[in-house]
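Same chain, two partners: chain A is paired with chain B first, then with chain C.
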Partner chain A sequence: MNRATALQVGTLARRSIVRTLRQPAMVVPALFFPLLLLAVNAGGLQRATDLPGFPADHYLDFVLAVCFVQGGLFAANSAGTNVANDIETGFLNRLSLTPLRKTALLMGQLAGVLALGLIQAVTFLVVGAIAGEGIHAGVAGALVIVALALLISLGFGSIGAFVALRTGSGEAVQGIFPLMFAALFLSSMALPRNLIETDWFREVATWNPVSYMLEGIRSLVITGWDGEALALGFACAGGVALIALVAAAAALRTQMVRT
Partner chain B sequence: MSRAGGTRDVALAVAWRGAHNYFTNPAIFIPGLLFPLFFFTAFAGGLSRVDSVPGFEFGSNYTAFVYGFVLMQASAFGGVFTGFSIARDFESGFSRRLLLAAPSHGGIVAGYWLTGVMRAVFTICIITVVALAAGMDVQGGGIDLLGLYTLALLVNAAATLFGCGVAMRLRTMQAGPLMQIPVFLLLFLAPVWLPYDLITGWVHAAATVNPMTLILTTERGFVAGDPVHVVITFAVGAALVGAALLWARGGLHSAEQAA
Partner chain C sequence: MSSSPAIETADLVREFKKGPRAVDGVDIQVAPGEVFGFLGPNGAGKSTTVHMLTTLLPPTSGSARVAGHDVVEEGTRVRAAIGAALQEAALDPFLTGREHMKLQTALHGLPREQRARRGDELLGRVGLTDAADRKVGGYSGGMKRRLDLALALVHGPRILFLDEPTTGLDVQSRSALWAEVQRLASDDGVTVFLTTQYLEEADQLADRIAIIDRGKIVAQGTPDDLKDEIGRPSVEVIPAEPADLARMKSVLARFGESVASPPKAAAVRLSGGDAQLADVVRALDAEGIRVQHLQLHAPTLDDVFLAKTGRHLEGAGDGAAVEDAEPDPVAA
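Moving on, here comes the complex of A and B:
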């Protein structure tokens, strides 16, 4: 990255971060709803740990991973809404008249998502460490969880940006939110895959990359260092991020041509 | 035109408009339908093994157990989403014109209530078909089912009138979380995944004082053909509707003063 591009990315990143963090309507639900679901699940499903083969003594430790992925879903909403807003208000039109590089624009726009993702990851880790039994993989494991959570946020945020750039509509971004939720719900979020009784659901959860993102984080919380779970978690999160970024970059090219 | 006739005409006109907006706008239609379906699929499919937890006693299968909750959720959120529509009407200026033109303001509230009923009935029909296709075992007879759906309509009426009261007082879409979060909390602080006796910790304490616990337990009893606490549950349901009606009436006065 040359100096001019770095400057462009920095300027747009600062704008994106400030804009995201200045909107309580974006930050508060992104923290509140995952923590609420965590608290309710921890009490409501604690007895599920009595099932033979359940991997944790406390359901809170098991379900903590869901917060990070759910936080990523809010990242998609946040990134998509901000990009759509830039299109609707004509900000992108004005930028297209400048010598700004498209890479810088996309990276800058996603900086706000990463800032929100970092706040979420640290908050969820602190809550998990206080209310649960701590992170089994220790401080280094916690740092790996933050890295994986940021990659997940980047992936989902890029999907949100892609939809916004493709449609130019904030309403369309809101419309994909339920679909993203479906990806979370049809995963191993509530029980380990080997304990899911319904065959078709277990099959869907096995093909769903979100299951592996959850299991990557969960392995660090519950069992310690598990190379396979981590490799699959990072591969799935990285794969989603890569595909979504390429798609978003292509949509940005089209959007800039249109303008 | 008699006063009753005026009220009826206004109510039917508002309800017809609500139905038209609902069925012709996917952004309104889809989330209200998809969220209960996601919850149903995730819980009935992903959590069905928890009926093997020691002490889990229910007269039907786990799909039927989950259906009781999703039915209540669809009823309540049918009302909450109607509250969003009322807020949108105020933001667009439609409600101000409606308040000036309608001969009966009570008819406006009645019309929104009918809209909430229509939304909930539509969602409930879809969910019931999906639940039956997924193997829900309904043990209850005709009277039980009448009780089940009457209770669902009471929950829907209470939620719609609550949302109406909030929307008419604040008259902005930004009031959305104030309608959604209390209902969300009431729903999820009930015994969602396991019977009341099996939930633990602070969620158990919250469920003890939550009126939704009683309603949910009776609804599940109707499905299983073994209803419990029927009289007290209907009394609580009626009290919730009465309280929400007073709240909505106060909201209407506030909107009339502002118009």
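Moving on, here comes the complex of A and C:
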């Protein structure tokens, strides 16, 4: 990246972060709802820990990982809504008339997503450490959780940006939100895959990359360092991020059609 | 300053998917330093033309050069030479005016030490110094337009595109913006390409005007030349007794063709010019028609539009066949 591009990325990243943090309606639900779901699940499903083979003594420790993925889903909403706003208001045209590189635009926009993701990850870790039994993999494990959470946010944020760039519509971005939640619910969110008795559900959860993102984080919380779980978690999150970024970049080329 | 045109198009065409030609063979030339008015109703093709000239939309056919550069082949050079304030003031409601200036100066690559100075200078020029640290979401329409203009000027463009810059503004804001446009052209030598649907705006600001309707240029010249083409004034009369309106119309019909008028009035374009006014008064008197109000109208740009298209400019966009659509990137 040359100096001019770095300046562009930095400038747009600053804007993206500032505008994200100035929208309480975007930040508060992204923090509050995952914690609410955590409280409801931890309180209501504690008996699940009695199942033979359940990997944790406290359901909160098991379900804490869901917060990070759910936070990522809010990242999709945040990134998509911001990009769609820029298209709808003509701000993208304003940017198109500057010497801005398209890659810088995408990277800058996603910086706001990462900022929000960082705030979420730290908040969820602190809550998990206080309310649960702590992070089994220690401080280094917590840092890896933050890294994985940011990658998840980047992936889902890129999906939101892709939908916004492809459709130019904030409504379309809102429309994918339930679909992404469905992806979360059809994963190993509530139970380990080996304890899911319904065959089709277990099959879907096994093919669902969200399961591996959850299990990567969960391994650090519950069992400590598990190379395979971490590798699968990072591979799935990275794969989603890579595919979504490539798709978003292609959609940007179509949307930002300057000659 | 170069003597070659600042803007030059030849048979410029833009078609959208499943639609007619939004711009249909436009030929224009704008001289350096000129304020060029692009006048037409909603849906006439003004914004589509601006999007092509500012490199935001590739033409379907034809050619256009801006600042001596081809808009298709040399988009980067065109963008370096132009500034644009497009139809909607495209601003981020969560950023302040000063943050917008910082963003724009940085993206245009101004050296760090110049950014704040340039931003403050432009904010001052458009009268937004006091509001510079307020979020744009709280700005009035006029303030947003002025900030939009300041942002378009950040890199000192030689050519400025203003797409309906005063639509929706109050009279005071409109006057302030007109003054700034005039100053830019006269003091800084900036070429201004101004689209508008307001006759007065085109008349007041533009050195030359092109009138566009349904994608085609229907007239081009200085405002005075265009009005001189029409030449003849019109007379509008309101009878003292509404019952005399029909009779009055038949009297007036002797002096020229009927033109649009308010419901309680009748108007004709005087075929013999303003010298006929006394004859009109005498004829009405001879018929015993008492007059409440009589007014002689010099030709306006609306008369020019009427003469060229058979319609008045105001309201001509309603139901127009051609949509002045936002650029459709997949329809190139």
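Here is the rule we use: the second predicted complex is superposed on the first by the 257 of 259 C-alpha atoms of A that agree within 3 Å, B and C clash if a C-alpha of one lies under 4 Å from a C-alpha of the other, contacts with A are read in each partner's own complex, and residues count from 1 in each chain.
Convention: contacts are C-beta pairs under 8 Å (C-beta built on N, C-alpha and C of every residue); 3 or more make two chains touch, one makes a residue touch a chain.
Not measured: the values here are computed from a predicted model.
K.L.:
Contacts for A:235 in the overlay, against chain B (first) and chain C (second): which applies, first, second, both or neither?
P.N.:
neither
K.L.:
Have a look and say if chain B or chain C is in touch with more residues of chain A.
P.N.:
The partner that reaches more residues of chain A in the superposed model: B.
K.L.:
Kindly classify A:181 by the partners it touches after superposition: chain B alone (first), chain C alone (second), both, or neither?
P.N.:
A:181: touches chain B, not chain C.
K.L.:
Looking at A:36 after the superposition, I want to know if it touches chain B, chain C, both of them or none. Which is it: first, second, both, neither?
P.N.:
The answer is first: A:36 touches chain B but not chain C.
K.L.:
Thinking of the overlay built on chain A, is A:15 touched by chain B (first), by chain C (second), by both, or by neither?
P.N.:
A:15 contacts chain C only, not chain B.
K.L.:
Examine A:247 and indicate which partner it touches, taking first as chain B and second as chain C; both and neither are also allowed.
P.N.:
neither
K.L.:
List the residues on chain C that touch chain A in their complex, please.
P.N.:
54-58, 71-73, 75-76, 78-80, 82-84, 86-88, 90-92, 94-95, 99, 102-104, 106-109, 135, 151, 327, 329-330, 332
K.L.:
For a test of understanding, state which residues of chain A touch chain C in their complex under the given definition.
P.N.:
Contacts found on chain A: 4, 7-8, 11-12, 15, 18-19, 22-23, 86, 89-91, 93-100, 254-255, 257-259.
K.L.:
Where on chain B does chain A make contact in their complex?
P.N.:
For this pair, the touching residues of chain B are 26-27, 30-31, 34-35, 38-39, 41-50, 52-55, 174, 177, 184-185, 188-189, 191-194, 198-204.
K.L.:
Show me the residue ranges of chain A that touch chain B in the complex, using the header's touch definition.
P.N.:
Residues 25, 29, 36-37, 39-40, 42-48, 50-51, 171, 174-175, 177-178, 181-182, 185-186, 188-191, 195-198, 200-201, 205.
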